[in-house]
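Below are two complexes that have subunit A in common, paired first with subunit B and then with subunit C.
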Partner chain A sequence: MIRTTRFYGAQMRHALVGEMQYRTAAFLLLVGFLFEPIVYLVVWRSIAESQGGAIGGYTAAAFTAYYIVWTLVRAMNLALTPYVWDWRIQRGRLSEFLVLPAHPFHRDLAWFAGTKFLWILLWIPVAIVLTLTFRPELSPTMFQVVSFALVIWSGFVVRFLILYLMGMITFWTTRASALFEIVIAAELLLSGRLVPLSVMPSWVQSLAAWLPFKWTFQYPIETLIGRLDNGDILFGMFMQLAWVGILGVSLALVWRIAIKRYTAVGI
Partner chain B sequence: MGQSVHVEQLRRVFKVPVRQPGLKESVKALFKREHKEVVAVDGVSFDLNPGEVVGFLGPNGAGKTTTLKMLSGLLYPDSGTVEVLGHVPYKREREFLKRMALVMGNRTSLTWDLPPLDSYLLLRTIYEIPHADFERRRDAYVELLELEELVTKPVRNLSLGERMKVELAAALLHRPDVIFLDEPTIGLDLTMQRRLRRFVLDYNKENGATVLLTSHYMADVVALAERVIVIHHGRILYDGDLSGLSTRFAGEKTITITAADMPEDLAGYGALVDRTADRATIRVANTDASAVAAKLLSTFDVSDVTIEDPPIEDVIERVFASGDDEA
Partner chain C sequence: MRAIALTWAHFKIGAMNELQYRSNFFIQLVHSGVALATGLVAIVLVFSHTEALEGWSRPELLAVMGIHIGLGGFIRTWIQPNMQRILEDVREGNFDYVLAKPVDAQLMVSIRQFKIWHSVDFVIGAAVLGYALSQLGNSIGLSDALAFALVVSVGGIMIYCAYFIVITMSFRVISLEDVMDLFNGVYETGRWPVTIYPTWLRGMLTFIIPLAFAVTIPAETLSARAGWRIVAVALAFGALLLLITRLVWVTNLRKYAGASA
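After this line comes the complex of A and B, so read on.
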C-alpha cells in the first residue's frame, strides 16, 4: 500500500511537471472545450425558454449551471484513448512500459490523474468568465461540494477503465479507431454529455441506467448543481464503485490474454 | 552459483501478413488474407554465467532482438525454456524486473519533454532505490558519462548519442544484475563509443553483472566480450571464445614481413594480399602459418614479422556465409 501510494505520488508529480511544459496548449485545449458546451447551452436555453421556461425539469439557468460544470467534468474525464494503444502496438512502444516494475495501467492512470491538477487550475478562470456571462443557477450544499470533489475522480477512473479496456482490442486488430468512434457516439448520447438524460426519451434513460457512461458525466454534474438528493448521491457513488469493480476485473482478465499477443514490433 | 540466464530450445514463430503490390492484390486481400510463418528463433539454447559479458552477433533478421525480447519478458516464446535470474521473464514478476535492464539503442524510456533528472527521480521511486544510493549512483554516472550539461535539458533536445548516454545511466540506476544491450553504440561518434564501452565494462567489473550485447560494431564486441554467440536464421552457429571464432571459421592467417631482399614473386609462400617495396602481406592456411613464417625468416633478411588472424568482421562474414550454406 505504501509502495503504491509512493508510486502514484511520484508518477502524478512527474506528469504534472510534464504537463506544465505545455501549459499554454492545455489552456487552449480547455478553451477549445468551451465551444461544445456553449453550443449546447445556447440551444437548450432557447428550447427551455420557448417551452415555457423548462424542459425535462431543467430551466434555462439550470442548463447554464449544467454546462458550466460540464467543462470541468469533461477535462477531468480525459483519459488514455485507444488511439494511443494503436500507436503503442503498431510501433512497439509498449515495450518501454513492460520492462519496468510498474504495471502500465498504473503508470497511465497516475499520469492522467497527475495532469488533472493543472486542468483544475486552468478551469477556474474559465468558470468565472462563464458564470459572469451566463448567470447559472448554482447553490450547492457542503455535502454536494464534497461529494462532487470525490465523484469527479471516481468518474474519471470509470471512464479511464472503459477506454483502457477498448484499447486492449488493438492487441487483436491494430486499427480499433472505428470502434472507438462508435463508442464515443454512444457515450455522447448515453452519458449526459450532449444533453441531460431527463431531456432524452424514456427508453434512452432506461438504456443509460444499465451502462457506465452516465456515472462519468451526468452524475458528477448533477451532484454539484443540486439535482440529486443525498440518497441519490450515495447511490451514484455505489454505482461508480460497482463499475470500477466490473471494468477493473474485466481489464485484468483481458490484459492477461492480450499481452501474450504483443509482438513488440518496430524495435 | 547457478546461471544468470538459461535458455533451452527456445522457439518463436511470427505470423506475418503478406501481399503483392497493386490495387488488384489489395482487393484480393480484402477477401482472402495470406499469411506467412516466419521462424524468428528456432531452437536456441545457451547459458550465461554470472558476471559474463557475451556478444550476441548475427545479421539483420537473424533472431537476436527476438531472443532479447524473450529474455527481457516482452515476448512469450512459442516453446522452449527461458529463465533469467531464476525467473521466467514473460511472467514479468516485480523481483525480476527490478534486477534486469534492457537498453535499446534506438529507443528512449525517458519522458520526452522533461530533463532526464526528472525521469531519474521517477525511476528512483519505481525501483525503490534508497535515497543515498540513488544520489551516489546518479552523481557517479553523471560524472563518468559527462552528463552535467545534458541532464537538465529536455530529452527531445538531445542528440541521438546524448540520449543514449542518459538512457544508459537511467537503465543502471537500480543496479541490475543482468543487462541486455541492443545496439548501445548506434549513432555515437568514436570517442563516445569508447567511453560507453569503458562504462559498461567498469559496471560489469564493479557489480559482477551479466551482460548480453548485440551490436553491428565489431569494436563493441571485441572490447567487451570474451565470448560470442553467433545466430543466423534463428539458429546458433557458434557459441564460444571470440578467439576460437577465428580458428574455427577463418581457417587462415595473414603473415606480414618486412625484408629488404624479398623477390617480386612470393607466390610459393601463399596468396599475396598487399605488397610494397620491402613489405609483403601473405594469406596462408592456419595449419601452414608456422611453417611458412619459419621459411620466410630463414630465407630473407627479415627485420619484422607479424602473424595475425584476419579482421573479425571478415570472420563474422564467413560465419554468416556458412549459415547461409546450411539453410
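After this line comes the complex of A and C, so read on.
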C-alpha cells in the first residue's frame, strides 16, 4: 500500500514536471477545447432566452455556469485514448511497459493524474475570462465546492477506466476505431457533454441513468452549480465508487485474458 | 496546364494507394455515419425546444450542416493531409527535397496527398444539403446556384489559405501539431451559422478563420438571404487572402534553413 502510494506520488510528480515543459502546447489544447462548449453555450442560451426563461430547468445564466464549469471537467476528464493501444500494440511498445515492476494501468493512471495539476493551473485564467465574458450564475455552498473538488477526481477515474477498457479491444483487433467512435458519440449524448440531460427526452434520461457516462460529466458540473441537494451529491459519490468497482473488476478480468494474446516482435 | 496535370498525377497515385486498403472505406463510412447522427440529434434537440434559432429555421440549419460536413470532407481529403506532410517534412529535414524540385514549391506541397476515403463526407454533406433544399421549398434559380457555387469554391480556397498561412509559420516554430488541434476545434463552430455568435467570435470566424465565407454565406445564398454584393465581397476577400498567403509563403521561405544533412 505504502509502496503504491509512493509510486503514485513519484509518477505524478514526474508527469507534472514533464508536462510543464510543454505548457504552451497544453494551453493551446485547452483553448481548442473552449470552442466546443462556447458553441453549446451560445445555442442554448439563445434558445432559453427566446423561449422566455428556462429549458429543462436551465435559465440562460444557468446554462452559462454549466458550460464554464464544463471546461474544467473536460480537462479533468482527459484520459488515455484507446487509440494509443493501437500504437502500443502495432509497434510492440507495450513490451517495455511489461518488464517494469508497476502495472501499466497504474503508470498510465498516475501519469494522467499528475498532469491534472497543470490543467487546473492553466484553467484558472481561462475561467476568469469566460466568467467576465459570459456572466454565469454561480453561488455554491462550501459543501458543494468541497464535493466538486473531490468528484472531479473520481469522475476522471471512471472515465479513465471506460477508455482503458475500450483500449483492451485492440488486443483482438487493431481496427477498432469505428467502435471507439460509436462509444464516444454515445458518451457525447448520454453524459451531459452536449447538453444537460434534463434538456433531453425522458427516455434518454432513463437510459443515461443505467450508464457510467453521466457520472463523469454532468454530475460533477451540477455538483458545483447548485442543481443538486446534498443527498444527491452523496448518492452521486456512491454511484461513482460503484462504477469504479464494476469497471475496475472488469478491467482486471479482461486484462488477464488480453495480455495472453500479446506477442511482440523485434525492437 | 502543367499544374493540372501534376495535380491529377498525384491524385491518381494517392487514390491507388488508398484503394489497397478497402476496408478503410467501411471504417470511414461508420465514422461519418456516427458524426452525421450526432449532428442530426443536436438539430432535432434544438428544434424540439424552439421554432427558430436566431431567425434560422430547421431546413436552413440543415443546409449549413450539409455544407459544413462537405467542406470538412474536402479539408480532410486534401488540405489537412498535405499540411500534415509539410509539418513532418520540415521536422525531419525532407523539406529540402521539395524545394529542389523544378516546380513551384507552393503548388508542390499543396498537392502531394489525397486521402480519398474522407471524401465520403463530401457525398454525405451533399445529400444533407439536397434534403435541406427540398425542405426549404423556395425555388432556386440559376443565379442562386451560380452564386452558391462561386461562394463555396472561394470559401474552400480561403480555408486552404488560412491553413497554409499557419503551416508556413512552421519554418520558425516546429511544434505546430497543437495548432492543428486548435484548428479542428475552431472548425466545429462552423456547424452553426456564425450570425448566432457574439461579435468577437463572429469577427474571428470571418476574417481569421473564414468559416463565415466558407459555410454560412453559401447557405445564405441558397435561402436567398444574401445578395450579389456579398458574393462580390467574398470574391474580393478571397483574392486578397490568396495574395497574402503567397506573400507569407515567399517571405517565410527565405527564412527557411534546412535541418537535414
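Quick note on the criterion: the second predicted complex is superposed on the first by the 265 of 267 C-alpha atoms of A that agree within 3 Å, B and C clash if a C-alpha of one lies under 4 Å from a C-alpha of the other, contacts with A are read in each partner's own complex, and residues count from 1 in each chain.
By definition in this document, a contact is a pair of C-beta atoms (placed from the backbone, for glycine too) under 8 Å apart; a residue touches a chain by one contact, two chains touch by 3 or more.
Everything quoted here is computed from the prediction, not taken from an experiment.
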Which superposed partner A:V145 touches (first subunit B, second subunit C, both, neither): neither
Looking at A:V129, would you say it contacts subunit B, subunit C, both, or neither? Reply first, second, both or neither. neither
On the superposed three-chain arrangement, identify whether subunit B or subunit C touches more subunit A residues. C
Please indicate which partner A:E96 is in contact with in the superposed arrangement: first for subunit B, second for subunit C, both, or neither. first
First, second, both or neither for A:I182, with subunit B first and subunit C second: second
Give one of first, second, both or neither to describe whether A:V17 is in contact with subunit B, with subunit C, with both, or with none. first
Which partner chains sit in contact with A:F35 here, subunit B, subunit C, both or neither? Use first/second/both/neither. second
Between subunit B and subunit C, whom does A:R3 touch in the aligned arrangement: first, second, both, or neither? first
Shared subunit A footprint, subunit B vs subunit C, residue numbers 22
Touching subunit A in the complex: which residues of subunit C? 23, 26-27, 30-31, 34-35, 37-38, 41-42, 45-46, 48-50, 52-54, 175, 178-179, 181-182, 184-186, 188-189, 191-192, 196-198, 201
Within the complex, which stretch of subunit B touches subunit A? 14, 65, 69, 72-76, 92, 94, 97-98, 100-102, 104, 106-109, 111, 113-114, 118-119, 121-122, 124-128, 154, 182
Write out the stretch or stretches of subunit A touching subunit C in their complex. 22, 25, 28-29, 31-36, 38-39, 42-43, 46-47, 50-51, 55, 133, 175, 177-178, 181-182, 185, 188-189, 194-195, 199-201
Touching residues (chain side subunit A, partner subunit B) in the complex: 3, 6-7, 9-11, 14, 17-18, 21-22, 95-96, 98-102, 260, 262-264, 267
